[in-house]
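Take a look at the structures below.
In the two complexes below, chain A is the common chain; its partner is chain B in one and chain C in the other.
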Partner chain A sequence: MTAVLVLAGVVWREMLRKKDLYVLALLLVALTLLLLTVDTFGAKNVSRYLLDLGLLLIWLLSIVLAVTFTARQIPEEEKRGTVFPLLAKPVSRWQLILGKWLGCWTASVSATILFFVFLLAVVYLRGGEVDGLALIQCAALYAVLLGVIAAITLALSARMTYGAAATTSFVLQGAVFMLVPRIPTLVGYEQGLRRSALMVLYYLLPHYELFDMRRRLVHEWGAIPWSAFGLIVVYGIVLTAFFLLLGWAAYRRKLFRRGEAL
Partner chain B sequence: MPFPIEVESLKADFKVGGERVSALKGVSFRVEEGSVVGFLGPNGAGKTTSIHILLGFVDFTGGAARLFGEDVRRQSARSRIGYLPEHPESYRFLRGEELLRMSGRLFGIKGKELRNRVEGVLERVGMQSAARRFIGTYSRGMMQRIGVAQALINDPDLLILDEPTGGLDPVGRLAMRDIIAELKQDGKTVFFSSHELSEVERVCDRVILLRAGEKVAEGGIDELVAPGESLEQYFIEQVCASGGRAVQ
Partner chain C sequence: MRATRTSFSILAAATLLAGVSFALACRLTGLPYFAAADSRSAWDQIFGSASAGLSRDLYEIADRYFHKGVGHHEERAFEDPFQRLGEVVAPHRHEHLSADAGVLEIMPWLSLATSVDPGNIEAYQVAAYWLKTAGHLDEAAELLKKALVDNPDDYRLRMELALLAAARDERDSAAAELDRALNLWPGKLDPADEEARIDLARALHYRALIHQLDGEYSAALPLLKRELEVFPDRGGIEAEIEAIQNNSVEREQLENKWHLLQRDKRELQCEDHHHDHHHDDHHH
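Moving on to the complex of A and B:
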């Protein structure tokens, strides 16, 4: 476990000393301040509007952060050559995968919490209110989702370059976000093999919509039952574990620079 | 008493661009405790592949490889070794001492012992004054020295160095030679690959020479090199003996 924590610590140092996080934080601040100007157009319920758009921004920016940051971890280790002295120590490839994921996930979640705090401050300043319990559930489910996204990206980066892993992950995340919730509608228009294929896809692909409580928060629908919350968390943990195992399976016998083993 | 390195009939086959390549064709050798052994051969002879197998980076397709009697594929086999790669790059966003603390923790060293080890290795490689600087600001020679420091953090019984003097200026080479000599005095086993044959001649007890994935010579420099001849001449003779390509 020590090795995993040490590796996660290196990821944290990298995030704090490189500029990605600060750039995204500045972008969030700038966009939120821009949103404040909507008041001049006389929109009602401006705090709710701010919360809605702010949450969307947080989702997008933290996914960008999680994907770009996670996608470069393993390819950069190989490109720099730092993977060699690392694996020459009593560190297994599984520990490397787990340490990288833990570092990227906790770093992304911490940044997201900061983003949430900033957004809440803005919403309260504009006289808005947020259901505390729903907010905690919303943030917790989003944190679990970031774990899934980081695990998928890490699994891709185990065999891809940084650019390829990041691009594939973005495309995949976008497709899952937009396509999966619409599959039941599409199923109604199809028949036979296409219908079955769509159903298989529906059950195979991750369901990100389960982790999305933004509407409940914005429209004050309140918290979800803890049993449902618990099931979604377990679903997220299972997905994360599956993709981490996939990443490990792809990485465990990977050769560096020397072709493929027969 | 197990040997620090024991390799028996080691074979490694790879697919490179769809073509089968035999990087090692049944290589056998042993490295005795407390010795300094040079691992020589032209480019593509199989030196780095052998080292990567010893470190568990690459799987072998036949034979056996052991470190201190333990199969190299076991994680614990790497607990008594230190390794300096061919091009010692590092985490440029870390400070020198942070890298060493991180390396120490990966070996389970912590607290006061870790602090003492970090100070000790920094002193040994002459990097105390640059320890708080970011690695990204280091010169090539400093990068090499911090690489050696991280390889020494666990006080290893066996040091595996891949081209430790490659790309260093004469002062850097001298410093590296001194470090290897000190390690030898401390009774450590040093196994290193190099193209710098004059360096090898100065510091090594024994050499192992590979050519095209096969061992072509092994022994003390006095045993292999005829009086009045240099190791470089011997190397070229051996490498060119069967149409091999000598490396200048």
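Moving on to the complex of A and C:
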């Protein structure tokens, strides 16, 4: 466990050293300030659009951060050759995968919490209010989702270069977000093979829509029952464990030589 | 020598292609489709429909906000535990915002819709209606003034101004705006359009009411008759015409109608077909 935590700590230090987080944070600040300039036809204390678009921005930016940051971990260790001294220590490949994932996940979640705090401050200054319990549930489910996304990306990067893993992950996340929730409707318009293919995709791909409580939060529908919340968290943990196992299976017998360009 | 020949061939091919495309362009612009004079700028011709589409999308978002984030119902081919859990997370009940419960939250989207396409009159109307209903009369007036700059000949904006004047109990001003609206009707709309006909009937009815309140019964009569021509099956108008002709108009009834007009409780049918009741204060 110590090895896993040490590896996660290294990932954290790397994130603080690199510029990605700061660039994305600046982008969030700039775009949020831009949103403040939207005309509301003179209506006061109008803030729901700000929360809505702000949360969307946070989702996008933190997914960008999680994917780009996670995708580069293993390929860069191999490219720089630092993977050799690392694996020469008493660190198993399973610990390497788990440590990298833990570092990337906690770093992305911490960045997201910072983004949330900034957005909430702006919304409160604008006169808006947010249901505390719904906010906690929304943030917690999103944190679980980031864990799933980091696990998928790490599994891809176990056998791909940084660019390929990041691109594949982005395409996959986009497809899952946009396609999966619409499949029950789309299936009604299809027959035969296409219908079967859609059904396979529906049960094969993760259901990110379950982690999305933004609408509840923005439109003041309140918190969800804890039983449903718990079920979704368990679903997220199972997904994360599955993709981490997949990553480990792909990485455990991977051969690499010194000086081999990745 | 060979390189020179290749370059010459490329140059000749390029010249030939340029000539063919020029000739084709001259031929195409001579066709009736292209020959039709379009007063819009090149920018508007290229991006006009795109901005109108985007404006409609933004208006749709405003509509979704009005329904507390719930979009239009989509038929699903099957049900499963994922969807049942998803319905717990994403609300789907049919609820509305109201004047005293956050309806002004739709304003940024309507503002964006009108910024993208200043010709989106419906967005201006909805914004003005809810600003007025929420008691922001000055803001509604300001908004309509801005809308008129881009759409000076649209009767719908004049009607909104008339209703705003009525809300302020400024009867003369309301009458003047209704006269302008009637002069501008139908504007860009098709006179046979159902919405346009309803608007015309409303404008005629409101103007006739103000005439009657001012004691000008003879001026109200032709307006009510015209309204009856638009909707011949409206028995209430016939009764009103008869009352004027028989000198039996009740002042109290007129005052009550004026108060209703001031409150502007429009009873419109909800566009959500999975929801079968009607609403007051539902301007979507």
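The criterion applied here is as follows: the second predicted complex is superposed on the first by the 249 of 262 C-alpha atoms of A that agree within 3 Å, B and C clash if a C-alpha of one lies under 4 Å from a C-alpha of the other, contacts with A are read in each partner's own complex, and residues count from 1 in each chain.
Please note the rule applied: a contact is a pair of C-beta atoms (placed from the backbone, for glycine too) under 8 Å apart; a residue touches a chain by one contact, two chains touch by 3 or more.
The structure displayed is predicted, hence computed values, not measured ones.
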{"item": "Partner chain(s) touched by A:V238 [first = chain B, second = chain C, both, neither]", "value": "neither"}
{"item": "Touched partner set for A:P181, first chain B, second chain C, both or neither", "value": "second"}
{"item": "Contacts of A:Y49 with chain B and chain C, given as first, second, both or neither", "value": "second"}
{"item": "Contacts of A:L125 with chain B and chain C, given as first, second, both or neither", "value": "neither"}
{"item": "First, second, both or neither for A:L36, with chain B first and chain C second", "value": "neither"}
{"item": "Touching partner for A:R253 - first (chain B), second (chain C), both, neither", "value": "first"}
{"item": "First, second, both or neither for A:D212, with chain B first and chain C second", "value": "second"}
{"item": "Sites on chain A touched by chain C in the complex", "value": "38-49, 181, 184-185, 187-188, 202, 207, 209-213, 215-216, 218-221, 224-225, 228, 231-232"}
{"item": "Interfacial residue positions of chain A with respect to chain B in the complex", "value": "2-3, 6, 9-10, 13-14, 17-18, 80-82, 84-92, 253, 255-256, 258-262"}
{"item": "For the chain C and chain A complex, residues of the former touching the latter", "value": "65, 68-69, 74-80, 82-83, 85-86, 88-91, 102, 104-105, 107-112, 115, 127, 131, 134, 136, 138-139, 142-143"}
{"item": "Contact set on chain B toward chain A in their complex", "value": "13-17, 20-21, 23, 49, 52, 55-59, 61, 75-76, 78-79, 81-91, 93-94, 98, 102-103, 105-108, 147, 150-151, 154, 160"}
